[in-house]
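Shown next, in structure tokens, is the structure this report addresses.
First chain written, first letter: the chains are A, B and C, and each begins at residue 1.
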Amino acid sequence: MSRGRAMAALPPPRSTWDAINPLRMLGELSETRYWMYLLLLPSALLITAIVLFPTVYGFQLSFTEMRLNRPAGNGAFVGLKHYQRMLADPIFWLSLRNTAVWVTFSIVIEFVVGLVAALALNRNLPGGKILAVLILVPYFLPNVVAGNMWALMLDSRVGVVNDILVNIGLLDSYKAWFADPNTAMATAIFVEAWHSFPFFTLLIMAGLKGIPADLYKAADIDGAGAFAQLRLITLPMLRTIIAAAVILRVIGLVNSPDLLLILTQGGPGRSTQVLSLYAFQNAYSDFNFGYAGALSVVMFVLLMLFAWAYIRLSKVNQD
Amino acid sequence: MTAKFDRRSVLKLGGGMLAASALLPHQAFAQQTAINYWHTFTSQSEAAGLQAVLDLFKAAHPDVAVTPENIPNPEFMAKITAAVVGGSRPNVTMVASERFEDLLAMGALSDMTDRIAGWERRADFDDKRFASITKDGKTYGVPGFTFVDWGYYRKDWFDEAGLAAPTTYDEFRDAAIKLTDASKGRFGFGLRGGPGGQNFVVNVIEAFGSPVKKEDGSIGLDRDIVIKALDWYAGLLVKDKAVPPSAANDGFQQVISGFQTGQTAMIWHHTGSYQDIASKLKPGVEFGTFAMPAGPATRVARLAYAYNCITNDENADAAWEWIKFWGEPDAAVAFLEKTGYMPASTVAAQDERIVGNPMYKAAADTLGFGIPQPSFPGAAGWAQNTVLPALQQILIGQATPDQAADQIIEGLAAAIA
Amino acid sequence: MAQTRTGSNLIWNIVSYAVLIVLALLSIGPLLWMLLTSFKVDDDIVTRTMVYFPTRFTLENYIKLWNQSGYPVLVINSLVTTTLTVAICLFTGTIASYAFSRFNFPGRTPLMLGYLVVRMFPAVLMIIPLFIVMRNLGLFDTSLGLAVAYTSFLLPLFVWMLKGFFDAAPKELESAARIDGSTRIGAMFRIVIPIARNGLVATCVFVAIAAWNEYLFALMLTSSTGSRTWPVGLQLMVGEFQLPWGMLAAGGIISILPVIVLFALVQRVMVAGITAGAVKG
């Protein structure tokens, strides 16, 4: 068919191949005004196909009575019942507070350490490549391994960290880091930061390599100091990368109970109880999927608000 | 072994060749029924025990092919829940006593009453063994093996101090206090206040005379008794200082390693950890075992079972063959030899390898007076998410026994509402 | 003036070294401890007095691990799943990210947020519906199914990060190519993607690591006889009533080896890109 048309269209002469050449057709397609939507189509379809139903299902659960170990009455619409219960649930408020502490401290430490490491590595010092690999390696560990190894190292009986601290005189005797409410959260944050700061290092490092050197040369001539350069050139140039990294990391910290599940399970006495852990417990040991769904929706909304505010404030999408 | 090799390999070879030529699956020719078996065996010894039972079963039942599927214990309920809700259940599932009520309410289990009634080995089992898997006259599984609650004590330290293994809570507390020696870094009791410690709190409360639930299903917890029980139990740390200060985060691994390394004089656990303790300390010389001491009101020592249950109506006959097989003395003893886990069958439990070992005497005694855990839908979640944090809060000084008792009672009311 | 410049440079170099060495020690210390632990017998791990170096060097932990866990099969499954995940992300995510970076179109910000939304709903609650979706699609217990599930969660990460790198690539080169008659798609593949290739590699590394280490979905969406992956096998070693510290350490060491090898290779590519001066624009 296309062959016949190609033959008929005399001036300008087009070869048969040209007419059906997918590359040419794509090229022409790329000049249409719908091109960007076409580019988004495959990923959007994939995400929708897999995630749409589970997400809608989760929202629906939060308005439904769904206690798997109490089949009678399951599936009934209960309106805002779960949300009302949440308002009066002291464990929810405690978890919310703990989540805020957990996320804020983790993200600040991870970002600052990650940035400092990336800036230092970017100076391309001799031996820097080896140091880079050493610094980035914690991020490669699965949570299972990182969590359990730190649990062993911090153990109050056989933990090497205690032994070192006692030997150098910082501690009088072995300390049970996760049994003391004053140190449990801080220690968990330390382990989390140790595991994840390379996320920022790697991203910022890759971003730094994209900043034209001329900018710094010009700043040098203008007499701008190191901190001024950081504030005026580096951070603005990395704006979107940092914003993306912070948002993604915050989502990860809020939603994933992995590490705390291994280290403390929310203890001692709920002092490290966070929302993700609370939702997990509600779903898989109390089997109250309705309430767990409502908790998830609250986490979702909080994250949504955070991301929206952060995108507005950091001006990610300004050209 | 050789005979089995011959017959089976010939069958297999013939079947394989035919299957290859006709492009038919091998099972079709051998008329094998495939079933899968979900379990939570993880450690090396457990894996070896399961393999031993599988091998014996394979020889006895060439017509049934069992595919074991191991699932980590912490995520077991999540995985089985997804399978039940998603409609792809396994044929046979290993169900711990404490999970029975939740799974039954979820509709995961099939009624096995008639099959069990007609089973030729039913008489090998005490009726009590089925108590934690029976509801409203219907039985839903067969016990595969038993965990018997007991304690371990440092025999050498006890001998040195002229003490005998405790039989009551008072003796227990006295021994714990006497054997505590801060200068040596020794504590009398390794209290499990971290993950998994919840069940012992419930035991102590019941031993003080306050059952969790009454016969009619209403809340049996008496506030005053709960307070007394918590005061005594947590008091071992906060008043008597006879417990390591790390107790609030001490789970299984910490408690066991504390005992193994000579930090603690006594711990409570069940028979499942015997091999592990015996690998570090000399049985009968350095350590001994004791039945759970009697509380002021009653003696509470739990018998927990791992039941095998039919969870899918398809291939139920083959599933039943596999479940029954765990009741064979040969299988139970082969399993015991690899794992140290007690058989559930009375006949198997009388095997010389168990009766002849004095270390198992405490467990054998406990089989007589031991009782099942309180069981109702939501029990496991309540114990884990309410009772344990309440205990921890006393241990770390964030709550008084009164406040903790209120949390526990209110939590129970919410759980069974 | 030149002197102060060199002077401050020297100071900053010293500071950088100090920072890097402290961080490297902090990062690598626990891993070295893990390595030592993996060569220890149990008696040297659970002891009353700390044993720093194994009194008896043993490879037993590695041997037991190899025999028990079915390591080769699990690692192949993990490799297949990870490769598929990266491939799908690369194909669908790169173009999406380019669209977000280069075009200002109605609905851009909401759409970008929409991609993030996917990650915001806690995974623990998505497991059961996801399980049902996978079964209906016939993808349950397949590497492809697991990869698709990972992709749906990692795509946002991929797109958002890559957008940052595309944004940083100068637009002038692209405009120049367009003036020379290149189509948009031509400019994308010939100019923009090569410039942003460091970012592309870094982003792929993240996706690969995340897919390699993921545990919960792998457990829920696969079975032991199908496409179960390595982290699940690792978790299964942590018995309820045993203390396999040595084996766990050995498992940790084995699990990061492939990742370190991959990273060493990638580092080389990244460095080559810089020295070629392609990035400087």
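The rule we apply is simple: a contact is a pair of C-beta atoms (placed from the backbone, for glycine too) under 8 Å apart; a residue touches a chain by one contact, two chains touch by 3 or more.
This structure is a prediction, so every number in the text was calculated from the model and none was measured.
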Mapping chain-to-chain touches, which pattern fits: line, ring, star, complete or other? complete
Have a look and report which chain pair racks up the highest count of C-beta pairs in contact. A-C
Quick check: how many Å separate the C-alpha centres of chain A and chain B? 38
Just curious, how far off is chain C from chain A if you go by their C-alpha centres, in Å? 13
In chain B, the residues touching two or more other chains are 75, 78, 81, 85, 257, 261, 263
Among the residues of chain C, pick out those that touch two or more other chains and give their numbers. 46-47, 124, 132, 216, 235, 238
Where chain A touches two or more other chains at once, by residue number: 158, 283-284
Contact set on chain A toward chain B in their complex: 68-71, 155-158, 176, 178-181, 184, 261, 264-271, 273, 281, 283-287
Considering the complex alone, what residue numbers of chain C touch chain B? 42-43, 46-48, 64, 68, 124, 127-128, 131-132, 135, 140, 216, 219-220, 223-225, 232, 235-244
Quick check: in the complex, which residue numbers of chain A touch chain C? 26-31, 35-37, 39-40, 42-44, 46-47, 50-51, 53-55, 57-58, 61, 113, 116-117, 119-121, 123, 125, 128-129, 131-145, 148-150, 152-153, 158, 160, 163, 194, 198-199, 202-203, 205-207, 209-213, 220, 226, 237-238, 240-245, 247-248, 251-252, 255-258, 276, 279-280, 283-284, 289, 292-293, 296, 299-300, 303-304, 307-308, 311, 317, 319
Parts of chain C lying in touch with chain A, wherever the complex brings them together: 5, 8, 12-13, 15-17, 19-21, 23-24, 26-28, 30-31, 33-34, 37, 45-47, 50, 52, 88, 91-93, 95-96, 98-100, 102-105, 108-109, 111-113, 115-126, 129-130, 132-133, 148-149, 151-153, 155-157, 159-161, 163-165, 167-170, 183-186, 188, 196, 198-199, 201-202, 205-206, 209, 212-213, 215-216, 231, 234-235, 238, 245, 248-249, 251-252, 255-256, 259-260, 263-264, 267, 270-271, 274, 279-281
For a test of understanding, state which residues of chain B touch chain C in their complex under the given definition. 40, 42-47, 67-73, 75, 78-79, 81-83, 85-88, 252-253, 256-257, 260-263, 272-273, 276, 279-280
